[in-house]
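The structures come next, written out as structure tokens.
One chain, chain A, links the two complexes that follow: it is found with chain B in the first and with chain C in the second.
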Partner chain A sequence: MRQASRPGYRIFYDINGWAFVSVALLLIGTFMVYPIIQSLWMSFHAGQGTMVRFIGLGNVERLTSDPMFLRALTNTFIFLVVQVPIMIVLALVLASCLNMPNLRFRGLLRTAIFLPCVTSLVAYSVLFKSMFSYDGLVNSVLLQLAIIDQPVPWLTDPFWARVVVIAAITWRWTGYNMIFYLAAMQNVDKSIYEAARIDGISATRRFLSITIPVLKPVILFTTVTSTIGTLQMFDEAMNITGGGPADSTLTLSLYIYNLSFKFVPNFGYAATVSYVIVVLVAILAFFQFYVAREKD
Partner chain B sequence: MSFEKIRIASIYLFLWVMAFLSIFPFLWMLISATNESNDITKGKLSFGNAMVANYQKFAALFDVGLVFWNSAKIAIVGSVLTLLVSSLAGYGFEVFKSPTRERFYQGILVSMMIPFATLMIPLFILLASFDMLDTHMAVILPTIASAYMVFYFRQNTKAFPPELRDAARVDGLKEWQIFLFVYLPVMRSTYAAAFIIVFMATWNSFLWPLIVLQSVELKTITLVLSSLGSSYTPDFGVIMVATIMATIPTLAVFFAMQRQFVEGMLGSVK
Partner chain C sequence: MEVGGPGLPPEPGVLVFSMRQALATSKETKEHTMHFAKPTTAHAAASLALASFGLMTAAAVSAKEVTVWAWDPNFNIAIMKDAAARYTAKHPDATFKIVDMSKADLEQKLQTTLASGVTKSLPDIVLVEDYNAQKYLRSFPTSFEPMSGKVDYAGFAKYKVDLMTVNGKVYGLPFDSGVTGMYYRKDLLAKAGFSEKDMENITWDRYIEIGTKVMAVTGKKMLGIDPNDNGLIRVMMQSAGRWYFDKDGKLDIKGNPALKAAMEVQGKLFKSGIVKPVTNWAEYVGAVNKGDVASITTGVWITGAVKSEKSQAGLWAVAPTPSLNVPGAVHASNLGGSSWYVLSGGKEKAMAVDFLNEIFAKDTDFYQSILISRGAVGTLMSSRAGKAYSDADLFFGGAQVWLRFSDWLAKVPSVNYGMFTYEGDAAVSAQLPALNQGVPVDQLLDKIQAQLAAQIK
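Up next is the complex of A and B:
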């Protein structure tokens, strides 16, 4: 600290500081900050190329009367509200089972359940699409077991298409969230559980009143990251269902992609839709942190 | 007592069922790659002998070596550059703290919250103005600007003992020498974990390469796989071979460095 007050040292300190961070700042400035500002600017404009004109909040107005946008927004919320809770609960239950003392084959079971999150989003999407195709594996197995008497139109019925997408994301991400819980559970003092067990408190109660409260910050972290991930979902919607049938699995990101590169390009409107995601991410993250802080 | 036994038995049953469900798509992928397309759709669950034929059909559609090379090149070059740039920055922000730089760092943290969908159109226009569309460099460049990795390296630099740095300074090493010869070797497990995370992300990346790459000879394995999967008359045998090829490198990296991978993931919660 005494050194830091010498002016020569300060300059040395500063030059080195900037030297180390400069390349990253330059790149992040060019490829993140600039695009963020640029897309905000674009969201107030309509048209393309040299025909761009300022329309103020015109794009925002258009959002409210765009059925396809409202569809994408609804779908994204359905995925969020149904899938994230299922996955978080499943991951918690799996983690607490794997954390059971004297569990045999622990490493093997853990690796197996974690493995899906190593695959690429495209690869597993294509796999799920093949498995759930009309004459695909799932239908033939269910038919052979006589659980159903005619094939289920998994990918061509709006309801079942959503079910397949939800099943797919759950398969891919549950193990990922589970690892965080498992790591957090290993930091919990074992003697607390021992004491509770001796007092005759049931396993369910131990889970609800010891494990869950201790894990709250980690649960919050995984909920926020899963929510942000679902809000940005693209690869699965594109590769399992292509957004269909009848736009029942169209996500916001896929709609932005379509607006920019598939339909007649409308970058200004696409940028506006993308800021809807930004606003949602900000609101949800804020809300989740608020809920978590409240009780402390 | 018997209730406890039932409880433990049901936990084992639950875990084995979940483990089976997790691995099943991989097994099915392996089995299917050896079968013909119509056997796969019928739900055949035993090995066949069409593996070579499936691969040959795949090779007739795409230059498999080139596709693989494209993916590897983007993933490796992208990862190495990302690690270099972001570890320098993470080190700089943590070791040379100053109020101005803290503000820049906070800006980086905020930019992490912005989804890629918001960036993609301006990025597309920007790279078009650089005349770089349809090049591998256009895929790699935005990867290198990784706010998350700067955050990751700064978090991990907190564990780097300041005594080592001070001792090196006393010994007369320049700051970049300290970084290169002291920090880098000491932090190699941090680098290993970061490498796995970035490598997997770039190997598996889809949306950005889909937008940027047009030429067939530049396409990566994920793009090829996606186009196979979305064709109207999909040949499932070929798809399975392509899926395996897209999955093998990430599985190999995972099994080789499993511990670092998990540590790296958890590093972001600390």
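Up next is the complex of A and C:
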């Protein structure tokens, strides 16, 4: 009797269990799995609009000889290599300043630095664009202070356009990363610092030898998310510079947009470029985890 | 990759193009719900109202509603509303739903909907920029309704009809023209010692000479250019009857004297220091309205924006587009312009075709009215015989500017825009910094050719 009922119960619970998760699975299947597979399938096609044909790996081959893709890739890496380190270091320094126990107006300062993160990406991009325009605020202030005698072509010169985009992302995201460091720092046992102080260790040394190693997992986490974020950067490039001048701020995501909506729609090739981002994210994340692994 | 709990912003920039959104599926879904939020509420409210008044339901069912998508509330939308009012006056059973959205939104929505194959949500009539016409007609064949045979195209400017013809079939209804002219400030030019006669039929080289003198005397720049926008290069190129592609749609970059000359002029313009760099449309127009620049050479549709600065009334004049120093170059060109297209999947396409044909292809009075109210120069050649075209414009010191523009319109060289105008623009833009550094144009043309060849595969 008992032995006979057991499989019955199990089936009952199995069915019940699957019934509970089925709705979620269905939704995930429809809105996650299906689009991913469909886009992979699409990346083997090329053509204009609905006039597509299967070309196998032709899109991948096209990537290698596409000057615009290569420029977008280079730009994305320039942003990555220049911006992420600046932002991480800045966030660490800010976090440790704001973590000082005798600092006044701590709450106010923390809010002020975190505040950019709650602004809309488009809104702040538009603001940066107007601030850095030829007759914009930045040029007028610099001219007034007699630091420059000719307006700087912030958005119309390839070099300065990159500077503006990097400045904008740094402004927007530093506070976000800082919050993680601040939270982690508050979890560090104060007695470690106390012991170090008694041993006569300087503040800089304490920061480098205690704070940084303790924060390593958090730093790794923020580096990975920032890397992914930079690889997928779209809003800033789209709204501040439109990818120009001369494609100097064209990012991979913006290129995907152009391929789908600005140029003759080639959704297959656009899907291929988006898989490039996926592969890059995977490789870089793996690399970062490998570098920061615990060495036993 | 999910980071941050509820309430925390997502990781930097992970916003639009994550993998699962690569095909814009979820983005589009979001946009659709956003865009349709209002109409849906409106429909719900309407059906409630209809349910309570049974009589009205019957009336609503028999009326045919033509839906139109367009951009620019002060120009296309306003003109379409005028046209719709004229049509409904004679056809009381027709109603119109004219939807205003930004140009970029409209193009995205149109492209994704056509690509998805689910055309139920598309309108009956859609406005398409001329540069995009071939792209849509060839990328989504069978989606647009051919109108040859139903509309008499002989009355329209030829270049306009050519760009909407695929395999001998004509698809759209030609609308506004982007015929170009040079608008300049008489007062500033006079200060530098140039009369109106000096500005007629000049070359670009002469234009730069004049501009240099204007800047030396008045301190004002001669023109504004957005380095991200190749409009002026395209204007110059078309004035010599050439384009990025030849008549057969083949790449025409290396050995294209018009493109070479146009790029050389653009390089000289920047080098001479008479250009004010601008970064968007508002600054481009703002430079004119604020009096920062002494001239602007662009499509006739700019007239409204120029005239919007009332304090400058009487100070402006219009002259023919400067010409390039290449054989066959004329003092007329085109920039932009758009046309109306009927979608094959539309419910009311028969009425949509009839409407476009009756108002936009025949009603010359209508063209007088939109010229006066909106400064829209249509491409129906017979409309220039109307009174509004010969009227003097006090803003331009009493000159018959509209007649001049319609003269130039007839002279615009017809070129094959092909499908890849924006790809061509991107390829040229990429070489502009090198151009300003003095790299020989022939080398740049090689690079442009290479990039464009890779892009149009």
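Side notes on the structure shown:
FYI, the second predicted complex is superposed on the first by the 270 of 296 C-alpha atoms of A that agree within 3 Å, B and C clash if a C-alpha of one lies under 4 Å from a C-alpha of the other, contacts with A are read in each partner's own complex, and residues count from 1 in each chain.
In this section, a residue touches a chain if its C-beta (ideal position, glycine included) is under 8 Å from a C-beta of that chain, and two chains touch if they have at least 3 such contacts.
Nothing here was measured: the structure is a model prediction, and the numbers come from that model.
In the superposition on chain A, A:Gly242 contacts both chain B and chain C. By the document's definition of touching, neither partner reaches A:Ala146: not chain B, not chain C. When both complexes are overlaid on chain A, the residue A:Met32 reaches chain B and chain C alike.
Looking at the shared chain after the overlay, A:Val23 reaches chain B, while chain C stays out of its contact range.
Using the contact criterion defined above for the overlaid structures, shared-chain residue A:Phe263 touches chain C, although it does not reach chain B. By the touch criterion defined above, A:Trp173 reaches chain C but does not reach chain B. In the superposition on chain A, A:Val279 makes contact with neither chain B nor chain C.
In the superposition on chain A, contact is made by A:Asp135 with both chain B and chain C. In the superposed model, more residues of chain A are touched by B than by the other of chain B and chain C.
Once the two complexes are overlaid on the shared chain, A:Ile198 sits clear of chain B and of chain C alike. Overlap of the chain B and chain C contact sets on chain A: residues 31-32, 35-36, 38-39, 42, 118, 121, 129, 133, 135, 176, 221, 228, 232, 234-235, 242, 253, 256-257, 260-261, 267, 270-271, 274-275, 277-278. Within the complex, the chain C residues that touch chain A are 1, 3, 9, 11-26, 104, 107-108, 111, 114-115, 117, 135-136, 138-141, 226-228, 276-280, 283, 419-420, 422-423, 426, 429-433, 447, 450-451, 454-457.
Within the complex, the chain A residues that touch chain B are 13-14, 16-21, 23-25, 27-28, 30-36, 38-39, 42, 93-94, 97-98, 100, 108-109, 111-116, 118-131, 133, 135-137, 139-141, 144, 171, 175-176, 179-180, 183, 203, 218, 221, 228, 231-232, 234-235, 238-239, 242, 252-253, 256-257, 260-261, 267, 270-271, 273-275, 277-278, 281-282, 285. Contacts from chain A toward chain C in the complex involve residues 31-32, 35-36, 38-39, 42, 46, 48-51, 62, 65-68, 71, 117-118, 121, 129, 133-135, 153, 155-158, 169, 172-173, 176, 221, 225-226, 228-230, 232-236, 241-248, 253, 256-258, 260-265, 267, 270-271, 274-275, 277-278.
Those residues of chain B lying in contact with chain A across their complex are 7-8, 11, 14-16, 18-23, 25-26, 28-29, 32, 40-43, 85-86, 88-89, 91-93, 95-98, 101, 104, 107-108, 111, 113-126, 141-142, 144-145, 147, 150, 175-176, 179, 200, 203-204, 206-207, 211, 222, 225-226, 228-230, 234, 236, 239-240, 243, 246-247, 250-251, 254, 258, 262, 265-266, 269.
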